[in-house]
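Just so it is clear, A, B and C label the chains in written order, and each chain counts residues from 1 on its own.
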Amino acid sequence: MFIKNTWYVACMPNEIDGKPLGRQICGERIAFYRGVEGKVAAVEDFCPHRGAALSLGFVENGNLVCGYHGLVMGCDGKTVAMPMQRVGGFPCIKNYPVVEKYGFIWVWPGNPEKADESLIPHLDWAVSDEWAYGGDMFHVNCDYRLMIDNLMDLTHEAYVHADSIGQEEIDESPPDTNVDGDKVVTSRYMNEITAPPFWKAGMRANGIDESAVVDRWQISRFSPPSHVLIDVGVALTGKGGMDADPKDRARGIVVGFITPETENSHWYFWGMARNFKADDAELTERTKVRQGEIFTQDLSVLEAQQRNLDDHPERRLLMLNIDAGGVQSRRVIDRLVKAEQEENATASA
Amino acid sequence: MFIKNTWYVACMPNEIDGKPLGRQICGERIAFYRGVEGKVAAVEDFCPHRGAALSLGFVENGNLVCGYHGLVMGCDGKTVAMPMQRVGGFPCIKNYPVVEKYGFIWVWPGNPEKADESLIPHLDWAVSDEWAYGGDMFHVNCDYRLMIDNLMDLTHEAYVHADSIGQEEIDESPPDTNVDGDKVVTSRYMNEITAPPFWKAGMRANGIDESAVVDRWQISRFSPPSHVLIDVGVALTGKGGMDADPKDRARGIVVGFITPETENSHWYFWGMARNFKADDAELTERTKVRQGEIFTQDLSVLEAQQRNLDDHPERRLLMLNIDAGGVQSRRVIDRLVKAEQEENATASA
Amino acid sequence: MFIKNTWYVACMPNEIDGKPLGRQICGERIAFYRGVEGKVAAVEDFCPHRGAALSLGFVENGNLVCGYHGLVMGCDGKTVAMPMQRVGGFPCIKNYPVVEKYGFIWVWPGNPEKADESLIPHLDWAVSDEWAYGGDMFHVNCDYRLMIDNLMDLTHEAYVHADSIGQEEIDESPPDTNVDGDKVVTSRYMNEITAPPFWKAGMRANGIDESAVVDRWQISRFSPPSHVLIDVGVALTGKGGMDADPKDRARGIVVGFITPETENSHWYFWGMARNFKADDAELTERTKVRQGEIFTQDLSVLEAQQRNLDDHPERRLLMLNIDAGGVQSRRVIDRLVKAEQEENATASA
């Protein structure tokens, strides 16, 4: 169950460097590549000639050339040429609106006519010199919504990530969830605490005494279809929390762009935007490596959860206050999927 | 098709050392762990909060703590606590009667009210100083009943294990099968023979001339649900066979506890109890390694047999005299499964 | 959908050297081995005793002995003996007509009564001193007919094998397809060209100046059930093409025997017969290695094509002039399969 008329992160620019990429998104196999003048393009990964995977081919003059018999596919899904053939009557394949922005390639798997680049969420951290970003991608064998649940309820840090970002005060600080239209925000504040290891390292990096008493915040923001951006950090106690003077805090945004592959698997684009020492590339790399280790801990938990849910589709899960972020986010998804279905039904009636 | 109201070997103690173990038994995913005062416990491997696998968590104060969000599960399947939550209304999960005895953890996957520790078979070799035991566990991709067939018809030793425990006299000595209630015994005696390599090593270890003429015996004993214990050995000819003076024989019990995982896979707990040089730990280890090599030879045979049976469910297999042990054991299983089904039908009527 | 009353290549002689081979062909698991006096034999890979895989056994006195309990299977599918058993009433298993010829083991998976050794295609190159042959086998996860398509349309060489046998003149030279009864021939001639790297090496090996202008030919010949033999080569321009004096040309036959395993997988026996320097074993080996590299390039293309076709069974593929060879070959297969089905229906009416 996917929202289709929306933007998902499809890949990172380095994944289409020099050669096309085949990736299944929302159940559709898509070939991504750089077309005319390096502009990103995406078409069905299915050659209309004999069904070969276009992503195994190559780009020539901005067009994707099938690596099997040389059919030249245009970025619009219409065959441009094929050696010794008249191609006018060849069936078209789907093309997908695709945009390169903020360091990601975004794809719109639904109705291309509705695609509107302005609907890509604005990412201030991706365009500001005061922020640095590092991240990567995981393939995860579970429903993408389990990952949304995971990121909208950071209580799990106290258990899954006990040795890095977890601390017992998380359990003692109930989160607060608010829904505003299609957006869901879950906030947790922990004041007058000692920072956990991950944030001690952040404080140290920003020149703050790591043993100082701090106020910590976690503000998970869901927006459709499945983006979760989490404002996180610590500030010296009483200095204003996330609004403290930059020298008194270590602040970041945990980035999660979650793209369904199939009903039971997804691509997880994760990373961290950092609002201090933005020009320290070595710190960016080190933070990414550490975050990669932390997020790897989630994978076995989520994949085992998926197996359990597959075994017991009849069981009702609990919906506690800590689950409110995920529960509300799923309601938004359900509502938007239903609206799309009704729209499609009307359109075809 | 499994008997459920019975004891199966679930795991070996070292498998739950320090951390829980998730294992599927008779189609049910179960978390095994050491609870209060190190006593073994087993509950469904399904957190009632969001379906996480409890076996990925940890034990604290004798309770299993979910590694995702910290739900504290009691050994009885009732939630004990969860940070900041009232847990009184949380749904219970199954708990399983579980006993540590004879160096194994035993589980009762059926109706807990019927669980009776005294039904665990008495294993004299496991509690006597005159015996030493070494063994391990394999995961096998076939119906557990194919393994019962295997162990109840040792004719296969002449082929599968020709270089260790096989010898041609096996083929020349027809086995004899007797049924006594729920127990099935298949016996084979080979008198005035030369011992095969495995037993030559045993004779040597017990100070007997390995080239001496011996009487050999194999007595496979099936008892429900799927235990096969085989009294095996050689004695100097004419000294009384398995009843010979210990110095004139090398005697052991091949242990096979066969626990269904799914309809087409099982856990095979194998080993050998040895009735000579019981204090020679090095001999125990060497015997285990050799036995592991021998039993590994069975795996490819059984898994290929399973594929063949899957391909041809319509074919009737032969039931020769040598198969009588397996055939009769399956009849016991069928009868007990049917009795359970009728009992369940009556109970719910 | 397979033709059954026909000869397929089952294996190469070295695959049954010293021990039996289990191989699934046209959906049937078959045990191949050398029986009496080394003559090849093939029976169902299913022991009538308990369903073990006979191919895991061994050959003794020309019979296949089951490696589980020693049943001795005759080459005719009738049990010959079993230790201590009367085997007269044992059910028979299928046996398969099988012939060793031309360096391959051929099997007839259909009605044995119709098997006729003279229907194995005559392979002149396999028995002539003027030819040398080198080849090997791949397992490929796609419908065997995709491989026929591949070999009947060598346009793909310009793309899949651009660095070896491909050249742009292929695209400029439309192929011509002719059907003659059950045979399909697709021809392509490229005159007055420079040879591609693979053929430059061939010219060099045959003492011809590799930079000379040549005429090149590719004549793909399909015959049922799924044999594709391709006459290929280059000759100095104007010297008569494939009929040129052997010193003025480099000629070979690309051999493709394509044997279905299941509906979606097959065994691909590939190789090249070479009509020059036939006694140069080192050249034969080098050519085989190079051809193996080239054919490996096809595998990922075909397996991705299969996934695409599985995803979209409803889509009609194009049938262009270049596809005519494959399209016509499939029509022959369809016709012969239908004829077999009608014959079977009549026989059972």
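One rule holds in what follows: a contact is a pair of C-beta atoms (placed from the backbone, for glycine too) under 8 Å apart; a residue touches a chain by one contact, two chains touch by 3 or more.
Since we're looking at a predicted model, the values are computed, not measured.
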Same or different contact residues where chain C meets its copy chain B, judged by the half mark: different
Turn needed to bring chain A onto chain C - CA fit, degrees, nearest 5: 120
Between chain B and chain C, centroid-to-centroid distance (C-alpha), Å: 47
Overlap residues in chain A, where contacts from two or more other chains coincide: none
Residue numbers on chain A that touch chain B, as the complex places them: 149, 153, 155-156, 158-160, 171-172, 174, 300-301, 304-305, 307-309, 311-312, 315, 317-318, 320-323
Chain A residues touching chain C - in the complex, by the definition given at the top: 22, 29, 45-46, 48-53, 56-57, 65-70, 82-85, 90-91
